[in-house]
Each structure stands twice: as structure tokens, then as C-alpha cells.
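Common to both upcoming complexes is chain A, partnered first by chain B, then by chain C.
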Partner chain A sequence: MPAIIRMENLTKKFGNFVAVDHLNLEVEEGEILGLLGPNGAGKTTTILMLATVIRPTEGTAYVRDYDVRKNPDKVRELLGIAFQEPKMLWVSTPWDIVNWHAKVCGLSTSERKQRVKEVLEALDMWDYRRRNVHALSGGMRKRVELAKVLIQRPKIAIVDEPTAQIDIVGKHKIWRMLKELCEQGTTMILATNELYEADVLSDRVAIMHKGKLLVCDTPKKLKDSIVGGDVVEIQFEADPSPKIVEKLKQFKEVVKVVKSKSSMLRLYLNKVEEVVPKIMGVLMKDGASVSSIRMSEPSLDDVFAHYTGLTLEEAQKEGG
Partner chain B sequence: MRKIVYILEHDFRNFFRYKWWLVGLISMNLADLFIMAIVYNYMLNPEITQQIKSYFNFFAPGLAVTGLFASAFMIGREVNMEKRREVHQYMLSLPMGRIEFAIGRVLSGGMRGMVYMSPLLATCFVFVGFPTLPQLGVIILVLFLLAMGISGLSIAMAVSTSSLDKFVTARGLVYYLLFFCSSVFYPFSLIEQLGQEGKFPMFLVTFARVNPLSNASDIIRAFLLGTPSFSVDMVICVLVFSLIFTLFAAFAYIRLIERG
Partner chain C sequence: MRKPKKRGVSLTRKLLFVVERDVRLFFQYKAMVIMRAIWFVSQIAFFGLIASRMVAIEDYFRYYVGGLSTMTLYSAAIFIGFDIYEEAEHGVFEYLLSLPVSRRELVLGRSIGGGLRAFIYVGALICIALYVTGVANPLNLLLALFSLFLFAFGVSGMSITLAVAIKSSDRFDILMGVLDALVVRLSTAMYPLSVVKEANVFYGWIANFNPLTYASDLFRWGAGIESMLTFENPLLPLLGIIVFFAFFTFVGIVLYDKNIEGGGWQ
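Entry: the complex of A and B
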């Protein structure tokens, strides 16, 4: 797929503080790119530059070959954004906000009426459409913010922490709606600090820390990039023989074998899904009595820790 | 053009959300006229009374202008609030040109001022007298230009000040300077006389002469009361003010907000 967004040395400085530092990143048409990082990583600043709300200090970005510096009006025609903090005056109502947004984005009167109703109903906001924003909960305001993008169906949607403050049932519903939006042809940048959200929604994940891009790849490849990141714990009925331990060590995917408790081996390896059947074969052939096997893959948190030396939580605290 | 209309719709909807506040303000303005102006009429030095005949009639056009000023300035308060709550990021991300956006904001501020001022102007006409149709045209044009200038000034201030406190302080300074160094409350001839007698600083006399509030009030008085006499310079003065601040607002809006 060709790149629909190209960031070239994109940089933003606020005084001496470098919020985004020479970011080089491409977003392919039709994909969901997860922009993952703790607070202060530079995700929102990157989004604001792409949306032409703030100007880059250095470098630039191209949205469908339109330079955000030189053709901001053309760029804005292609984008729709759901901001991290709902951007609305508190005296407004959800219906007014979404209806006006749809009007500005060029929806016809009949299309608008139908879509406003559909989207507000889908987000469980129809009954609250006439309430002032100040009377809505944080989660409800977030839904109204998201409704703007869902009604607009832009060529490129940017959603910044779309499910923050939303309950778990609501989260799943919104994830489904975002996926449907992409199935209709929208390319999406999903900025989030929720690892699970990035994992389930993203085709590729770009990890940012302190304004820099650390790595960008599919969630699977990122997890596989951690040598020995997968863990298999085998509980034997009796202590495993040294011969079995030796055979397990000989698999090229196995990085380390540790005897953790009595009659339990912990294996640090790669490509767990491919190796486990082979391990099972060896154990059965040698007649080892296994009472249980537990497997775990690295999470994106592990990936983040691998590249930064910090957990996301620690980085969050560090970033304030 | 359509995008400008959307901005007008947005801002007018917000304006009418404060309808009870507006009703309160209009009531206060009318109380100024029907209580304060009538009482002042009996407090004035006979020399002044000779010049202006009735303080009620003198003040009614000035009140319409101050009402216009206060209401057109409201757009700045909203723009400042948008900036503090970062709603401006949303507005700036919308599929419309920056110039369309800035013009829409300035225009809506000005038009809202005109809407607010109309009952005050109508009251002035009913109690002081009606202008001829061409005179009415000139009055509307001048007031509209003034409203645009005020709207531009308030937007420029709103985007240049980082906090509400700073905006309110700056607004207060501008309010008091433009209100009290003008012929809204007292005739310019008196200000000039005080200046010549050394009782009032001359630079403030000059300021009062070019103050668009003075000129707009005096244009209405010229048509309704016959004094002071109308001159094209008065219109030019308001036009220059309007042009400077409309352009300044557009420039400030585009540049300062984009700084992030």
C-alpha cells in the first residue's frame, strides 16, 4: 500500500523543550497506525501538526502529497479528528455540536439528519442530545467528540485516546465502530497510551518516547523482536532429567532455560506458537510426565520496556 | 462564503445561549438611560445644558454606541475561552481556510453587536427622533464598521492574552479608555474647552477626537439633534479603526494561535 501520510524530520519545539524530535514515519493507506507512548511522548503534538493546527518548527509532513506547511487547506479537507480532550464549549448540546460539524464537513441536509441520529444512537447519546455539555459525564463528552469523526467519515481519521474515560462495554463498541470506519476506506492514526487498545486495533504500532520514534512495526513483529520474550512454564510431575533439559536447550528458538521451582522449568524463547508443538513432541518421546504448560507472549508493555528500559507506567510518571 | 456563514451560525447560536444575560444587560442599559440620564439632566451646569439641551437626548445615541461596544466585545471573551479550553484547536482543524475562519469570527462579533444594539438604537429613535432614510443608512454603516473594528480588537486581545485574568484586565483598560475618553457621556466641545483651559491633558483631547466611539455617537447626534455638525472625517475615522483592527484580528488569529 502507498503511504498516505509521510512525516519527514517533523519537529516541534516549545522554547527549549523539544516535543517532537525529527520524526520520520509513514502511514499506509487503509491501515490503522497505533501511535503508542506515555503522556508527554509527543503523540498529541504530532497530531496537531498533521492537522495543521500548529506549525512544525522543522521538517514537514505530507498528507496525500499535500505539504502541511504549504497546503494546509487541502490537508484539512482530508482529515477528521477526535481530540484527546473533548473540544467543545460547555453551553453547547451534543446535537448542535455534531450537526454543525457535519454541516461544516459538507454533508447535505438529509444525509446529515440521518447520520447525526444514527451516530448518536450508536454511541448511546441520542437521549442526551439536548443536554448541555456541562451536564454530561467525561465519558459522554468523549463520545460526542468521537461522533464528529464517525459522522464525517474522513479519508484520514485521527483519534486521540478514543476510549479514555469510557467503560469497558463502551470501549468494545467504539473499537468495533472504528474498525468499521476503516473497512469503509478510512485510514486511521490511533494515538493511545493503552497497550491493549493499540494491540487489538492497530495494523502497525509506532512507539514514541520523549518526542522520538523508537520503533514501528506490526504488533506481532514488535513482540517477536524481543529475543526470548515468549515464556513457557512446564510443570513436571517429577524433576525433569538433565537429558530433557539439554534437549530443550538445543532448540534454536530457546534462549534460556531456568529451573524455577521444584519440578518446574521456565523457558525463555521466541516464536512460542511454532516451538511448543516441537517441545511437546520431545517430552512425549522421552516419556516425561507433564502436569501443566503455561505460555505467555510479550505484551506491548514489554516491547516498550525493551526499547526504553522503562515500563509504560514508569515512563508515564517520568513524563508527568 | 458558505464556511463564513457556518461560523456566523456557530457564533450566533452561542450568543443566544446567553439570552437571559443579554436581557439583563439591555435592561441595565435602559435603566442608564431612563434613570441616570434623566437625573443627570437636573444636575448639569446650566452652561452645559445650553449646549446640549437635554442630557437624555444627548446620552441616548452614546448609549447605543456603548451597547454596541460591549456586545461586539463579547466575541473576544468567547475566543479567549476557546483558547483556554483548547477548543480553538478543533476550530482550526476544520476544513476551511484560515482567512474565511478569521473573517467569519470578526463578522459574527460585529453582527452580534448590531443585533444587541438594535433595541437601544430603536429606543433612541423613538425618544429622540427619527433620521431620514439616507441618514439611517449612514448610521447603520458607521455602526457596522465600528462593530467590526471592536470585534477585531477584542479577538486580537483574546488571542494575545494567555489567561482570563489578563484578558479581563486588558478589556477593562480598553473599555475605560475608549468609554471615558470619548464624547459618549459628555460633549466633545466640553472636553476640548477643558483641554484649552489646561484642566484636561491635551493628548487625551486628541484621543477623544479620533476615538471611534466619539465619532459614531456624534454622527447619530448630528443627524438626530443637529449638533455637532456631520463631517465625512467622522466616517473615515471609524472606517480606519475598523480596517486596522479587522486586519489585525485576522493576522493575530492566524499567527498567534498557530504558534501552539
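Entry: the complex of A and C
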């Protein structure tokens, strides 16, 4: 797929503070690119530069070949953005907000009415559409913010922490709606500090820390990039024979085998899904009595820790 | 699900949507709208009536009511600058900057919206003023209303220009207070130019070039309160208002276009 967004040395400084530092990143048409990082990583600043809300200090970005510096009006025609903090005045109502947004974004009257109703109903906001924003909870305001993009159905949707403050049922509903939006042909940038959200939604994940891009790839490749990141725990009924341990060590994917006290072997390896059948074969052939096998893959948090030496939580605290 | 049909939104339509938003928003501040109306009526019914008895200027009551109308228009049109700070506080300013609307459409739409809503609001109050002052020549009044319309656009353009240039609500608040003191006090809204000049020639010189003087004069001319007009030829204040409107509308556009970006609001 060709790149629909190209960031070339995109940089933003606020005084001496470098919020985004020479970011080079491409977003392919039709994909969901997760921008993952702790607060203060530079995700929102990157998004605001793409949306032409703030100007880059250095470098630039191209959205469908339109330079954000030179053709901001053309760029904004292609974008729809749901901000991290809901952007609305407290005297407004959800209906006023989304209806006006749909008008400005060029939806026809009939389509606007239909879409506004459809999306507000789907987000469980229809009954609250005439209430003032100040009477809504944080989660409800977040839904209204998201409704703008879902109604607009832009060519490129940017959603910044779309499910923050939303309950788990709501999260799943919103994830489904975002996926549907992409199935309709929208390319999406999803900025989040929720690992699971990035993992389940993103085709590729770009990890940012302190304004810099650390790595960008599919979640699977990122996890596989951690040598010995997968873990298989085999609980034997009795201590495993040294012969079995030796055989398991022979697999090239196995990085380390640790034998614990209670007849358990812990294997640190790569590509767990490919190795486990081979391990099973060895165990069956040698007639080993196994009571249980547990597998775990590294999470994106492990990936983040691998590249930064910090967990996401630690980095969050460090970033204030 | 079907993809929604999107039609190209023309410049005029986008402009209208921006105008519509600002007009609607103003009337959502119901308490403020009601309080200002009460203030306006009180000024006529109490201050105007009482003060006119101690001022030895002929027909001062009608003179004051005419000036009060343009002062109220000025303060209602200024309100858009405070809206911008309210929007910056809630992040709405950044939202507006992210919309498929050019900066020019946005600032022009907001100037018009700010002026129009002030005019609609004060229009009702002007009816009260005209009931008090009477109308001598409807054609003159129409021209006067048109010029007040431009005046309101100019004031709201000025308010937007200052708000986005200053980016600090505290400083904007102070500046607006100072401006209000200078623009209103050094104009002919409350007293005739001859009295201002008598007090201080320099004050008189400022009042001569004050857009509020132009607006007050034209309104009085339109309402037929011609006893103490600053300018004999109504075209002069009209020209002054057109220059004021054009300057702040275009300065606003240039400032928005070149400098404005989200963030950095205090």
C-alpha cells in the first residue's frame, strides 16, 4: 500500500523543550497505525502538526502529497480528528456539536440527520443529545468527541486516546466502530497509551518516547523482535530427565531453559507458536508425564521496556 | 454501512456555518443576554432620565439614549474576544483550527458572526431606544443601521485580532477594560464634541477619530437627533466606519493566516 502520510524530520520545539524530535514515519493507506507511548512522548503534538493546528519547527509532513506547511487547507479537507480532551463549550449540547461538525464537513442534510442519529444511538448518546455538556460525565463527553469523526468518515481519521474514561463495554463497542470505519476505507492514526488497545486495533504500532520514534512495525513483529521474549512453562509430574532438557535446548528458537524446584521447566524462546508443536513432539516421544503447559507472549509493554529500559508505567511517571 | 455523500462546501456556505455557530452560541449564554438587556433598560429608565435633569444640554436624554445604543453595540461586539478565550480554555480553538475551513473563512466568519449577533441582540434594544427617541427619516435610519452593522463587524474583528495576538486572558481582560474606558469616554457617546473639546483639546482630537463617535453620530442622525452632531456631513462618519471595519477585518485575516496556531494560550 502506498503511504498516505509521510513525516520527514518532523520536529516541534516549545522554547528549549523538544516535544517531537525529527520524526520520520509513514502511514500506509487503509491501515490503522497505533502511536504508542507514555504521556509526554510527543503523540499529541505529532497529531496536532498533522492536523495543521500547530506548525512544525523543522521538517514537515505530507498528507496525500499535500505539505502541512504549504497546503494546510487541502490537508484539513482530508482529515478528521477526535481529540484527547473533548473540545466543547459547556453551554453546548451534543446535538449542536455533532450536527454543526457534520455541516462544516460537508455532509448533505439528509445524510447528516441520518448519520448523527445513527452514531449517537450507537454510542448510547441519543437520549442525552439535548443536555448541556456540563451535565455530561467525562466518558459521555469523550463519546461526543468521537462521534464527530464517526459521523464525518474522513479519508484519514486521527483518534487520540479514543476510549479514555470509557467503561469496558463501551471500549469494545468503540473499537468495533473504529474498525468498521477503517473497513470503509478510512486510514487511521490511533494515539494511545493503552497497550491492549494498540495491540487489538493497530496494523502497525509506532512506539514513541521523549519525542522520538523508537520503532515501528506490526505488533507481532515487534513482539518477536524481543529475543527470548516468549515464555513456555512446562509442569512435569516428576522432575524431567536431563535428556529432555538437552533436547529442548537444541531448538534454535529456544534462548534459555531454566529448571525450577517444583518439577517445572521455564523456556525463554522466540516464535512460540512455531516451537510449541515441536516441543510437544519431543515430550510425547520421550514419554514425559506433563501435567500442564502455559505459554505467554511478550506484550507491547515488554517491547516498550526492551527499547527504553522502562515499563510504560515508569515512563509515564518519568514524563510527569 | 454506506459511505456518506459529501458535497463540496462552498466558501459562502462554510462562512455561513461559522457565522451561524457564533450567533447561536451567543444566545446560549441566556443569563448574560438577559442581564445586559436589564442593564440597558435601567440605564435609560434611571440614569438617562435622572442625569438629563442635571445636564444643561438641550434634549440630552435623547442624545444619551442614542449614545447608549452604540455603547451597548460596542460591548456586545467585543464579547467575541472573550469567547475565544473561553474556547481556548476548553480546547475548542484547536478544534476550530482543525476543521476543513480556511483561516480566512474562519476569521471572516467569526467577525461577521460576532458583529451580527451583537447587531441582532442590540437590534431589539435599539427598538426600545427608537421608541424613546422617535424616527424622523426612515431612509436615514436605514443607512445608519447599515453603518452600525459595519461598526459591529469592525469591533468584533478588532476583538478577535487583539485576542489572538495577546493569547493571555488576563492581559486581554485588562486591555479591554482600558480600551473600553478610552473608546467610550473619549467619544461622543455620552457627551457632545464641543464639551469634550472644552475639557481638553487633545481629548477632542481623539474623539474626532473615534469609531464610536462615528457610530453614535450616525445613529443620532438616523434617529433624527440632529441637535448636536459632530459631523455635518454623515458621509464622513460612514467613511470612518468603513475604514475601521476594513482595517480590522483584514488585519484579523492576515494575523490569523500568518501567525495563528493552537497552544500557548494563558
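Here is the rule we go by: the second predicted complex is superposed on the first by the 320 of 320 C-alpha atoms of A that agree within 3 Å, B and C clash if a C-alpha of one lies under 4 Å from a C-alpha of the other, contacts with A are read in each partner's own complex, and residues count from 1 in each chain.
The criterion applied here is as follows: a contact is a pair of C-beta atoms (placed from the backbone, for glycine too) under 8 Å apart; a residue touches a chain by one contact, two chains touch by 3 or more.
Quick caveat: nothing in here was measured; it's all calculated off a predicted structure.
Model built by superposing both complexes on chain A: chain B and chain C clash.
In the overlay built on the shared chain, the residue A:200 is in contact with neither chain B nor chain C. Touch criterion met: A:153 reaches chain C, while chain B stays clear of it.
Once the two complexes are overlaid on the shared chain, A:3 sits clear of chain B and of chain C alike. Touched residues of chain A were counted for both chain B and chain C, and C has more of them. Looking at the shared chain after the overlay, A:180 reaches chain C, while chain B stays out of its contact range.
In the superposed pair of complexes, A:88 makes contact with chain B and with chain C alike. By the touch criterion defined above, A:79 reaches both chain B and chain C. In the superposed model, A:282 makes contact with neither chain B nor chain C.
Once the two complexes are laid over each other on the shared chain, residue contacts for A:104 go to chain B and to chain C alike. Note: residues 14, 48, 51-55, 73, 76-77, 79, 81, 83, 85, 87-89, 91-92, 96, 100-101, 103-106 of chain A belong to the chain B contact set and to the chain C contact set alike, using the contact criterion stated above. Per the touch definition, chain B reaches chain A in the complex via residues 3, 6, 9-10, 13-14, 17-18, 78, 81-82, 85-87, 89-90, 92-98, 258-260.
Taken together, the chain A residues at the contact with chain B in this complex read 12, 14, 45, 48, 51-55, 72-73, 76-77, 79, 81, 83, 85, 87-89, 91-92, 96, 100-101, 103-106. By the touch criterion given at the top, residues 14, 48, 51-55, 73, 76-77, 79, 81, 83, 85-92, 96, 100-101, 103-108, 111-112, 115, 151, 153, 180, 184-185 of chain A touch chain C in their complex.
Within the complex formed with chain A, the residues of chain C that make contact are 1, 3-9, 14, 17-18, 20-21, 24-25, 28-29, 86-87, 90-92, 94-95, 97-102, 261-263.
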